[in-house]
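Scrolling down, you'll hit the structures one after another.
The two complexes that follow have chain A in common; it is paired with chain B in the first and with chain C in the second.
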Partner chain A sequence: MTLERNVLLGLGVLAALLPFAVTDQYLLHLAVMALFYAILANSLNLVVGYVGEFSLGHTAFLGTGAYTAALLSVNAGWPMWAAVPAAGLVAALFGLGIGAITLRLQGPYFVIVTLSFAEVLRIIANNWIGVTNGPMGLAGVGQGGIADKRVFFAIVLGLAALTFYLSYRFVYSNAGRAAVAVRENRYVAQSIGVNPFGSAMQAFVLGAFMAGLAGGFYAFYISFVGPEVFRFSFMATIIIMVLMGGKGTLVGPVVGAVIVTLLEEYLRELQELRLSLFGLIVMAIVLFLPNGLMGFIARRREQRGDAPSLSPAIEERTV
Partner chain B sequence: MDLFLQFLANGLVVGVFYALSALGLTLIFGLMRVVNFAHGEFYMLGGVVGWFVTTYLGLDFFSGLVLVALVMGSFGWAVDRFLIERVRGQGEEPGILLTIGLSIFLVNITLLAVGPAPLKVARAITEGPIFLGPVTITKMRLLAMVIGVALIFAAHAIIHRTRLGSAMRATFQDPMAASLAGIRTKQVYAATFALGCTLSALSGMLLASIYSAQASVGGLVSLKSFVVVILGGMGSFPGAIAGGLLLGVAEALWGGYVATGMVDIIGFLLVILILVLRPQGLFSIRAERA
Partner chain C sequence: MTALPTQRHGGEPLLRAENLTMRFGGITAVKQVGFSVGPGEIVGLIGPNGAGKTTCFNMLTGFYTPTEGRVFFKGADVTSHKPHAIARLGLIRSFQKTNVMKRLTVFENVLTGHYLEGRQSLLATFFPGERVRRAEREARESAAAVVETMGLARRMNAPAHLLSCGELRLLEVAVALAAKPTLLMLDEPAAGLNSHEALLFGETLKTLIGKVVQSLLIVEHNMELVMGVCDRIVVLNFGQMLAEGEPREILNNPKVAEAYLGKAAA
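For the complex of A and B:
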């Protein structure tokens, strides 16, 4: 718990110092994208890692957030500081609705239904031309505002700090511990008075809120939103980040987000082979690093008989 | 009314292929519990391999179909023995990630090898319409549909009439008891996966002979197959068939009367509805609740 907090604080300080050391716009862009993905991976991790249900519909919240911010900015001229929180709130409302239906399901059913919701939203975004402008998307979000990437970096770092603070408080709150109890053994948790639906719902809505914030930021940063934000390939990237870093830890998704962002970028050198290699790497991770990097580190620490591992969840799983 | 019958016929033709592909997935997802996101890629590979053997090896349609079945069967066998077997019994997540990785790999290797353009599979017979009362249907569609139905019966016979089939049913009822009774469960799992992969690939080749094969088609096929399996009920043979036909007809009617752009939304709406109203699916074999 303290170790996890200190690592996160250390990473935050390092990130805050980054713009002073780096002025290259391309590297700053990579840093912004890595932090954006870290927020997303963290928000998905609340559901996958702590509730223990595998959501493949997280892009639903990313997308509603992005579209909300884009519509508010393009049609009503809202500035970024107002549109991004609004995006988070709208996504949280969607989370409430979708969670009320999907969290009653478990296992493969939950996987497929969350995915169905994301697909339904993608198809609507693609076809409701009057509002979303269909496949052409909404361009010119927040135009004429910020030119310096360092400002965007500061904003995304602030958002990341906020979302990690919220997740930290949630994970180590009663509701967070209740969610972990349900994940480990649903019936025992119920027998001691934990309401599985309630604790899962809190995590789900919080995750949706954070994904919506990330989506709102994305709309302003890229200044364009199209139906691609709902696409499954986006979802796959986020999932890979969470599982590569190690689900059920707060540090894992950050590590995963940084590695995958850099990997996707530097594999570009290989051009057409890039995505094929990416697929192979994903398979290799599942086979050889089943608990992600954090799980691997936790196990190494245990083997040396060191201090307790990063998270009780990982400890139990690797025993 | 005539238009309605035509929509119904079109829907049934497409539904047969949905059913065939979903039958493959109901074995892999419903029985083996592998949430297989590479299923659409097996379908896609069926079409692409079919195009390759008919165009480059110069085979006719029917020997091409047999060769595709053999190639994709061995491929499915290898995927199970080398990949899926290592994560068996660890819950859904490793399987999901593994098959997502596999699907990314397969799509992009195929794109690299044959490019993104649609590929034509050689036709078995000359194109020409047949008139059945008010309904028009092309000969090729009718033939592909007949083959599809025959394959569904063949799969049913394999599962219910052969020794392999009884070994399968025993393994999925109780793997431990099955292996105690001398069934090599690893082989049975691999054979089931291979059968699922073959069914999907054959469905892909048959549809490619009507429309065309394309490297990027897999994602949507995976999703629709999941939809059909959930509609029909996990692991249910009649359910997969009824679900496939239902989805095909519903899409054709929606496309005909409501809006063509949003056809793909139907399946997802149906699946959300069915899980809210009847979580065990239309024809679940167990009274399993979602």
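For the complex of A and C:
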């Protein structure tokens, strides 16, 4: 608990110092994308790691947020500071609606239905040309003339700080413990008075809100939003980040986001081979590090620490 | 219909089951069972395997909706309420198949059990004030105390999956106690304990009455434990009430002996 908080604070301080050391626009772009992905991975982790259900439709909230911000900016001229929070709120509303349907399902049913919601939204974005401009997308979002990437970096760092603060508070609260109880054992959770549906809904809507914020930021940063924000490849990237870093931890998604962002960038020369490599990496993680890098580190600490009865056999069986 | 038992403690019983019937398709698992648990009582629910004891538990706690009959808790009709809603009224149960949160530590399991006491608004979750911080501190202290009461202090920070069978049983009771039940229902809490451990466990249970919980309802196969602990025993056989009474009466009841051991040779 305190360890996780201190690591997050440390990473935050390091990130805050970054613009003073780095002025290269390309490197700053990478840093902005890494933080953007960290927010997304963190929001997905609330669902995957704390509710314990695997959502494949998280891009629904990213896309909703991005379109909300883009529409408000292009059509109504809203500035960034107003459009991004609005994007989060609209995505949270979508989370409430989609959660009300999907959270009654579990396991593979939940996976499929969340995926279909993202697909339906993609098709709507593609075809509702009057509003979304169809496949052409919405261009020229927030032409406020922010040229320096350091400004964007400061904004995304602020958003990341906010979302990680909210996640930290949630995860280590009574409500977060209830969500974990539902993940670990639905029957026990009910027998101690936890409403599984309501508890999952809190985490789900919180995750949707954060993904919406990230989407809103993305719209302003790229200054263009098209239907591809709902695409599955986006989803795949976020999943890899959460799995690699370690689901059910707060530091994990950050670590995963940074590693995957850098990998994506520096493997770009390998073109299509990049995706195959990603597939292999995911398989390796699932096989050898089922709890991600953070899970691996935690286990090493445990083994060196005061758990003498920890036999490898038991440990393997339970992970 | 089975007649309601006479109340020895007077007044409204804490839990009252009336005419409970549960049918799964063509099979009647429980048929017209009625009994009650009064304040301060330890009641045992016994019967051979498949008698419908766990089905009764599931109906009383909302995990099953009875086909017929009603359940009253603290005078209110709770039939077909959701499990968490019944738990919030103070009726907390454990499960036959040991059910704990295996990847959490003993302390975390019990701390999670304090959920109902620490419920708060989302705003308070994100911006905890002094009240929330105090509640959190108290929950942590109380969790440590409950772990100690159940004799698990030595295993406080061990993950639950490393516990022995007996320790898991204790942990399960500890999690249930953490939810501050008025009536605690335990489904075979001594399964897997040896007879010495079971006796100690029974002593621990007796100390809970009046201090931590008002009443206990226990499903148990260990007769020594049941006879030593319970004030009153309800016997089920093939889903129906066979007998009800004090431990001594039950021991000397020929119908009960027959259900367990078969008919005596003529």
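Observations
As a convention for this text, the second predicted complex is superposed on the first by the 302 of 319 C-alpha atoms of A that agree within 3 Å, B and C clash if a C-alpha of one lies under 4 Å from a C-alpha of the other, contacts with A are read in each partner's own complex, and residues count from 1 in each chain.
Keep in mind that, in the parts below, contacts are C-beta pairs under 8 Å (C-beta built on N, C-alpha and C of every residue); 3 or more make two chains touch, one makes a residue touch a chain.
As the structure is a computational prediction, the values presented were derived from the model and not from experiment.
With chain A as the common reference, the superposed partners chain B and chain C fit together side by side.
In the superposed model, A:Ile239 makes contact with chain B only, not with chain C.
Touch criterion not met for A:Thr23: it reaches neither chain B nor chain C. By the touch criterion stated above, A:Val120 is placed in contact with chain B alone, chain C being left untouched. In the superposed pair of complexes, A:Ala175 makes contact with chain C only, with no contact to chain B. Rounded to the nearest 10, the superposed model shows the Cα centres of chain B and chain C diverging by 80 degrees about the centre of chain A. Applying the stated contact rule after C-alpha superposition, one finds that A:Gln190 touches chain C and leaves chain B untouched. Between chain B and chain C, B contacts the larger number of chain A residues.
After overlaying the two complexes on the shared chain, residue contacts for A:Gln202 are found with chain C alone; chain B is out of touch.
Closest CA pair between chain B and chain C after superposition: 12 Å apart. The touching residues of chain C, counted against chain A in their complex, run 61, 63, 82-85, 87-88, 92-95, 99-104, 108, 111-116, 118-120, 122, 125-128, 135-136, 139, 158, 161-162, 175-176, 178-179. Listing the residues of chain A that touch chain C in their complex gives 165-166, 169-170, 173-178, 180-181, 184-185, 187-196, 202, 307, 309-310, 314, 318. Against chain A, the residues of chain B that register as touching in their complex are 29, 33, 35, 83, 86-87, 90, 92-94, 96-98, 100-109, 111-112, 219, 223, 226-227, 230, 234, 259, 261-262, 264-265, 267-269, 271-272, 275-276, 279, 290. The touching residues of chain A, when paired with chain B in their complex, are 48, 54, 56, 101, 104-113, 115-117, 119-120, 123-124, 126-127, 232, 236, 239-240, 243, 272-276, 278-283, 285-287, 290.
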